[in-house]
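Labels run A, B and C following the written order; every chain starts at residue 1.
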Amino acid sequence: MGAYEGGLSMHSIIDAFQFIGDNLHFMLTKTLEHLALSGAAIAVALVIAIPLGVTLGHLHKGSFLAINASNIGRALPSLAIISIGIGILGIGFINVMVAMVVLAVPPMLTNAYVAVDGVDPDAVEAARAVGMSPGQVLWTVEIPLAVPLMFAGIRTGAVYVVATATLAAIAGGGGLGDVIVNQASYGTAGVIAGALMVTALAFLVEGLFAVIQRLLTPRALRHEEGPAELLAPVVEAT
Amino acid sequence: MRGTMRRLIVWSLLAATMAFGVAACGSDDNSSSSSSTPASSTSAAAPAQPGKGKPPVTIGTKDFTEEFILGELYKGALEAKGYTVNLKKNIGATEIIDTALTSHKIDAYPEYTGESVATVAKRNEPAKTADEEYQLAKEFYEGRGQTVSEPTPFEDVDAIAAPKAYAQKHGLTTMEDLKKLGSFSLGARPEFKNRQQGLAGMKKVYGITKAQFRQLALGVQYQAMDTGKIDTANVFTTDAQLASGKYTVLKDPKGVFGFQNVSFVIDKNKLAQLGGDQFMAVINSVNKLLTTDAMTSMNKAVATDKQDEAAVAKQFLQANKLT
Amino acid sequence: MLAQLALPIAQGGGPVIPTFNRGSDCVRENRQFCWDWFSSHWSSTFQPRLIEHIELTAIAVGIGFVIAFVAALAAYRWDWAVNPATAVFALLYTIPSLAFFQLMVPFTGLTRLSAEIALVSYTLLILFRNMLTGLREVPPDALEAAQAMGLTRRQTLWRVELPLALPAIMAGIRIATVTTISLATVAAFIGVGGLGEPIFNAIQDGFKTQFIAAGVLAVLLALVTDALLVVLQRVLSPWARTRAA
């Protein structure tokens, strides 16, 4: 309120931080709701996409499906998917979660497939030659080598879920979107505060998967990742 | 082989582009809600057109069905008198649309008298009659650079409702009865939580402290009650859904939700540009027709029978010789 | 057409309340999808929103393209510009769309301008990165050959570098367009129309048909546009090898 009411300036950003401080418990509750919703969707998406993508990649089958999944998935408008979900499943946590799973699976699936499918055939042959069973080849050679590209897809999907969960407020899903849509009660400061928290959460989730990736990458393949790679989406050139 | 492929692709591209072109050209009438043209001819004996030559007026409406209908009613009636109306539909809750008014993003909008006093003016003095509420609202707006029309006969007040079974089980007939419940959930639109004519007021006036607030987008509360996601919900007394008999609306003996007749709030300067009294006369001619029956039947046509607000408004205006 | 039977009013002087059309059973019971309602509302509701949506998207991508193009050329020429430009565009990209649209309103009102400012901002990162990457990946041989042929810097840019960067640029346009279509549905939150408007309206009464119709139309728009842009890309650069995403 006051001279800057409705305006945007450094003052507004400071107001936003003040808002978070004044409403810490509330904002943390909303953030946890947001995290819970995102986490559930990411978990379900992982369970669907990774085994499927890895298996198809290992068998070198289903390339058409796996590759076009991400092309089509990337094109799906998130609010439209939520809308169709409401039409079929009604409002609430489950509906939004299903919509977000639909949006998160494609990048995860495609990357998992391409990652495993594209593992250096020489490495695979060498492993076979040594006498490993296909299963052992998969777990000791293919998957570890596939980790970087696979995780690029997982991170893209995860960040997308956190961003889309903001729209959950419209469908009764709760989370930080509740703050962002409620400019009436929380003012511009609240909207900015909500936006800041969502962004922070997206970075957090990104970072979390980056750490997991590092842990799972075989030492020989590790390399330093700069902030630019963590920040921006993967450039695609089909 | 490659040449044939290229040709095929170019032809399909052309075909698709033509398809888009047909779809685009198919709708020449610009029915986007952000602009409109005045009615070129009205009834056979066309009355005076006080709106001709006046600047366009931008009317906003809030985010629910009744307001959409009101917006279309005003638009239709004004256009019949030659005014040019820009209707900005679904702007948002009171706090948002009032900011739009004071920052001149819109010139006018229909507001509920109790809302004006409690939410916009932030006054905590409960009015004892509907007329008193209107006078308080009028006085507030006049002091701020706006002016108001005559109020409508009908009121649309906030209320708390519960599914019939739940209400019967817990013996709920008035708001006082909510104190009997232990913890219960109350689903409502976001702004309801902190308002005096909302949950905050319920706590203060009735001592209802055990309500768990569930934020829902406006309109979702009925589905949420039906599926058992919430125990009670904030509703509007003229909502079409209440006519189904599935819900019990709790009485509000202490009047925490105020009196809520509708009056049209407009910027004073803009009103002067539009011809002052002549303009207001059109608005008042609409408002005086809006009895509770009239409003609820229009709400029902739109909400239950899914008719267009514009069509319903037009039909009503025609039946009452306002267009 | 519309019946106008007047219901008799008990006390004299009340309004005439016409009998409004009754909705079909499908609509009154809110069944999964009411084709009758959809087809009768196509030209009044869905077609205009679809056209608005296309307009919103086309304007945003068009303007975004120009801005990103200038920025990419500048960054290509002056290396130091890359990081600042990327940082700004990336920052804009991370702002949640619901917030961005609302925050524009105090400045530019409940207008298309507010929506377009936000939508353009979201296209910049993708377009900029793809254009820059495309330019940078031009094979050095091609540049040497151009130099050997005596082409000026400008000629090299327009006749060699940009055409070779075209596949990457088109890929960027494709992603940016499809992303914009998705974000434009959220723009309806500040009242500028588009296919998001029926979605937000449908929340009022949980009208399933409206949710599904608007959602499906938006999905179809996105998929068809994506497919058309793929075709366009292949037509414009047949020499490019298509690599799997």
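Basically, a contact is a pair of C-beta atoms (placed from the backbone, for glycine too) under 8 Å apart; a residue touches a chain by one contact, two chains touch by 3 or more.
Quick caveat, the model's predicted, so the values are computed rather than measured.
With centres computed from CA atoms alone, C is the chain lying nearest the middle of all the protein shown. Set side by side, A-B and B-C show the greater C-beta contact count at B-C. Chain centres here are Cα averages; for chain A and chain C they lie 21 Å apart.
Averaged C-alpha coordinates give centres for chain A and chain B that are 38 Å from one another. Centre-to-centre spacing of chain B and chain C amounts to 29 Å, using the average Cα coordinate of each chain. Residue positions 6, 90-91, 170, 181, 183 of chain A each touch two or more of the other chains. Residue positions of chain C touching 2 or more other chains, listed in rising order: 105-106, 200, 203, 206. Multi-chain contact residues, meaning those touching two or more other chains, occur in chain B at positions 103, 217, 220, 223.
Contacts from chain B toward chain C in the complex involve residues 2, 6, 9-10, 12-13, 16, 20, 23-24, 26-27, 30-34, 60, 64-65, 88-91, 100, 103, 105-106, 217-220, 222-223, 240-241, 289-291, 293-294, 297-298, 300-301, 303-308, 311-312, 315-316, 318-320. Touching chain C in their complex are the following residues of chain A: 6-8, 63, 67, 70-72, 74-84, 86-88, 90-91, 110, 114, 163, 166-167, 170, 177, 180-181, 183, 188, 191-192, 194-195, 198-199, 202, 228, 231-233, 235-238. On chain C, the positions that touch chain B within their shared complex are 2, 4, 6, 14-18, 20-23, 27-28, 37, 41, 43-45, 47-48, 50-52, 54, 105-106, 109-112, 191-193, 197, 200-201, 203-207, 224, 228, 231-232, 234-235, 238.
By the touch criterion stated above, chain C contacts chain A in their complex at residues 32-33, 83, 86, 90, 93-100, 102-103, 105-107, 125-126, 129-130, 133-134, 167-168, 171-172, 175, 178, 181-182, 185-186, 189, 195-196, 199-200, 202-203, 206, 208-212, 214-219, 222-223, 225-226, 230, 242-245. Looking at the complex, you find that chain B touches chain A at residues 92-96, 99, 103, 190-191, 193-194, 215-217, 220, 223-224, 227, 229.
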